[in-house]
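Can you keep this structure in mind? I'll have questions shortly.
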Amino acid sequence: MIRVTVWNEFVHERHNAAVAAIYPDGIHNTIAAFLRPHVDLDVRTATLDEPDHGLSEAVCRDTDVLLWWGHAAHDRVEDAVVARVHRRILEGMGLVALHSAHVSKIFTRVLGTSGVLIWREAGERERVWVTNPGHPIAAGLGDCIEIEHSEMYGEPFGIPPPEEQVFISWYEGGEVFRGGNCWRRGNGKIFYFSPGHETYPIYHHPQVQQVITNAVRWAQPQGHWPNGFRNVLPEQAHEKIVATGPSVHGPGGTLVGRGKADA
Amino acid sequence: MIRVTVWNEFVHERHNAAVAAIYPDGIHNTIAAFLRPHVDLDVRTATLDEPDHGLSEAVCRDTDVLLWWGHAAHDRVEDAVVARVHRRILEGMGLVALHSAHVSKIFTRVLGTSGVLIWREAGERERVWVTNPGHPIAAGLGDCIEIEHSEMYGEPFGIPPPEEQVFISWYEGGEVFRGGNCWRRGNGKIFYFSPGHETYPIYHHPQVQQVITNAVRWAQPQGHWPNGFRNVLPEQAHEKIVATGPSVHGPGGTLVGRGKADA
Amino acid sequence: MIRVTVWNEFVHERHNAAVAAIYPDGIHNTIAAFLRPHVDLDVRTATLDEPDHGLSEAVCRDTDVLLWWGHAAHDRVEDAVVARVHRRILEGMGLVALHSAHVSKIFTRVLGTSGVLIWREAGERERVWVTNPGHPIAAGLGDCIEIEHSEMYGEPFGIPPPEEQVFISWYEGGEVFRGGNCWRRGNGKIFYFSPGHETYPIYHHPQVQQVITNAVRWAQPQGHWPNGFRNVLPEQAHEKIVATGPSVHGPGGTLVGRGKADA
Amino acid sequence: MIRVTVWNEFVHERHNAAVAAIYPDGIHNTIAAFLRPHVDLDVRTATLDEPDHGLSEAVCRDTDVLLWWGHAAHDRVEDAVVARVHRRILEGMGLVALHSAHVSKIFTRVLGTSGVLIWREAGERERVWVTNPGHPIAAGLGDCIEIEHSEMYGEPFGIPPPEEQVFISWYEGGEVFRGGNCWRRGNGKIFYFSPGHETYPIYHHPQVQQVITNAVRWAQPQGHWPNGFRNVLPEQAHEKIVATGPSVHGPGGTLVGRGKADA
């Protein structure tokens, strides 16, 4: 059972009539609704206005894959929650970052880059090409996905080199975009998928739903990565060594002589 | 002329006699001293206790390559300074992260991972193997560098996959470590080099000095990357398109309907 | 059911008494024997002296993961068989290349590099460190694997940058080696694992057996990648275009005007 | 001084009137002509019909960067010449593979993949987007290059993951293509650039000429990589070891007991 949390800032659906018409219960509930029928997925939602943004320590610990949708309120996400989510990703929780999440705090924090791009909101046609047909996230798709109305996201895109390139998008207005990219950070898997502007019914598109469902399965945790420092004492070394020389560490590996604010 | 800033927290050299004996003027001044004779390098230093940690907007703007040494006081580095340095790296400034910088705020911020590892301070022998002999950072070295006394840093190392692997270290006590790694983030180049524990005279070692000098040249900025968003209006599209559909943006691309804290 | 073929040149086991003592039925049968108890694996073997080296079209087509062990007779492997195996890898068959396979025709063909390294046969100790503890190929292992007697393989190793680094080895004599590396080529997954010199009982080591078993499961085919050219005619384009200009192609996309040897 | 050899199969220019009209002296001479004015480049040409295809040992040894254009006669290139060029690339010679070179013997040999793609010859518009504006190969370009008439090359493209993605193309007919990709193999740098169909005057385009000139400079050799095996004897080990166990090697590291064809 993969424990999935769909996070959404849930702002535009409550303040913009056009968006509300497409996602009356919020983008998170639309996504949760198409994931729930899959018997291997245990799906919950979380939103910005909940305490801890719905991402308490307990929720993070019990989440295998986190989906993230945000656009208007990236700056309202608490840094402490971002740090908590970041830590869980490095431990193994998968992150599926959707659309405007390319500049969310969590996406830029875990990748370390700006996430900037060029953009245009004109309802133009987007065609999402599969560049890696055998990849699990492309399973069940054909050569490409046609999205009749979409927001353009264009290159250059401020990301680290994708470790696996699954999709690249074509736009009617003449641009291209690396819109389906995989990375691994610590023990966590990260997938970014660009389609999903809130003024078009993109998360109602069956092939987009297929991609997101595939991505959730791909991003599930595997194995275990001890996420902390470890001091191996000289007498614990695999090869026999004789410790020598001065030290800046005291007993237990703590630093001594930090100066002003020794700790 | 490559404008180099050598940053050092400069703590242990002032509070630990053994370290002070090796680096009486601080690690930064030792590094600056071996870089300065190179006529293509214009070298300055900066330390934690200076205003802005010596890394004002002006200094960052006028720095092509930043070297970073820190160990005891990572937490005393202001987040605002880290954000400023991070932004400059994405614009093109090179970062040469030395030794304990593997858990500095700037290194973990720009790579997005924990930087954790296993370690032992026992003065054991380290042998730094060149895994990529043709790489510019390995220029002038032989097969390996012998460091008679070193702190052990061992795997697993919490970093993204290196884009170029220049060195891997062997330790007398039985461990290995990916201690010479390259990445690119935005328009900036990043090199991490693990040798450099402060209780041993490692920055006096001619081959270590060679590596750092090579790394500074490798990490110098190249080209230009516009580091901001750009809204391409429908009438500016390369292909003729007709804008359609609703919008969440107002004039000039600003978001409307952010809810509670509209801005 | 994963269909596994264990290939071995099967030379030294028949001509060297020391090797025969360790692997009386050949390395392939030792490996097959520890894989067979796993109910998800359907295991067969193939060797150099069989017709087609035991790798007919039918065998290749019915193989999901191929293990390759060779050392003394790389040059006796027919190029036509190598081409067939290569094609199958690009279609999705996994390749687990063992020990001296680093200079086998198939390994260097599918990676494009030399596979050269430095080496020493002195029965020294090797310690295989896990650099990616959460990786499926490291499942069930601790921090490292101790191999009491091993052949040294050292850097620089002539391979493309590993896409995932699972293991790095330490040697008693002072070297290091990237001995556990993953790549993807076309739709196929490739894993190289260095331990396995034939004069030591390395394939009897439980943790080495664990690694190979894990690797077989990791390397199993996923998805489907159409492995051929496709001519998309102008009238088949997703966007309406009007074909224009001269052509070097005739009907059906065949080239015309190849000169001397038109075909 | 960078020693450049521009190789061309030189077939269509002699057998197809439309191609001859654009490149009366052959594509190689057009490319050589725009490279020659650069005082840091020493440019020669070589073609298929010359002895050794113009790529003798001496020519290869004296070439720093090789450009390769072929389309109709890939199969007429001798395997021995391909092996020679391959060896030189691993030693450090740069390779700039142009257009249909994506299925040339040398490109597929050095990358190990099929190079297959989808294609259409319809004279449609191509727009080459810069995805890495700071990269040396993108120097002097704007956001994109417009090519009024081009052959479409589309995804999926059978290549290993690019180590640096410099360009991605958009096509009027609706496809995208990773048409500007960097790899390193051994000590050699490889750049593939897709525009260049012979029925359109693409190599007369100033920005295409800029890309190729940039690529030649980027691909020039750096450093030195010893491209052979090396046997480190037990007494030469950095750490003192005592050799133990049986051997399959005789004096000088030669293998013994190769069976049938002992050598």
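Order of writing sets the chain letters: A, B, C and D. Residues in each chain are counted from 1.
What we mean here is this: contacts are C-beta pairs under 8 Å (C-beta built on N, C-alpha and C of every residue); 3 or more make two chains touch, one makes a residue touch a chain.
A quick note: this is a predicted structure, and the numbers were derived from the prediction, not measured.
Q: Return the chains shared as contacts by chain B and chain D, ordered by label.
A: Output, common partners of chain B and chain D: A, C.
Q: Out of A-B and B-C, which chain pair has the most contact pairs?
A: Between A-B and B-C, the larger count of C-beta pairs in contact belongs to A-B.
Q: So which chain is the furthest away from chain D, centre to centre on CA atoms?
A: If we average the C-alpha coordinates per chain, A ends up farthest from chain D.
Q: Could you put a whole-Å number on the gap between the CA centroids of chain A and chain C?
A: For chain A versus chain C, the centre distance works out to 32 Å.
Q: Round to the nearest whole Å and give the separation of the Cα centres of chain A and chain B.
A: Chain centres of chain A and chain B, defined by C-alpha means, are spaced 25 Å apart.
Q: Taking each chain's centre as the mean of its CA atoms, how far is chain B from chain C in angstrom?
A: 36
Q: Taking each residue of chain D in turn, which ones touch at least two of the other chains?
A: Counting only residues that touch two or more other chains, chain D contributes 127, 132-133, 154, 156, 161, 163-164, 172, 174-175, 184, 186, 225-226, 238-239.
Q: Can you list the residues on chain D that touch chain C in the complex?
A: 11-12, 14-16, 18-19, 71-73, 76, 86, 90, 109-114, 116-124, 149, 152, 154, 156, 158, 160-161, 163, 172-175, 183-186, 198-200, 225-234, 237-239, 241-249, 255-261
Q: Using the touch rule from the top, collect the residues of chain C that touch chain A in their complex.
A: 92, 127, 132-136, 138-139, 144, 146, 163-164, 184, 186-187, 221-226, 238-239
Q: Could you list, by residue number, the parts of chain B that touch chain C in their complex?
A: Against chain C, chain B makes touches at 127, 129-133, 154-157, 161-165, 168-171, 174-176, 178.
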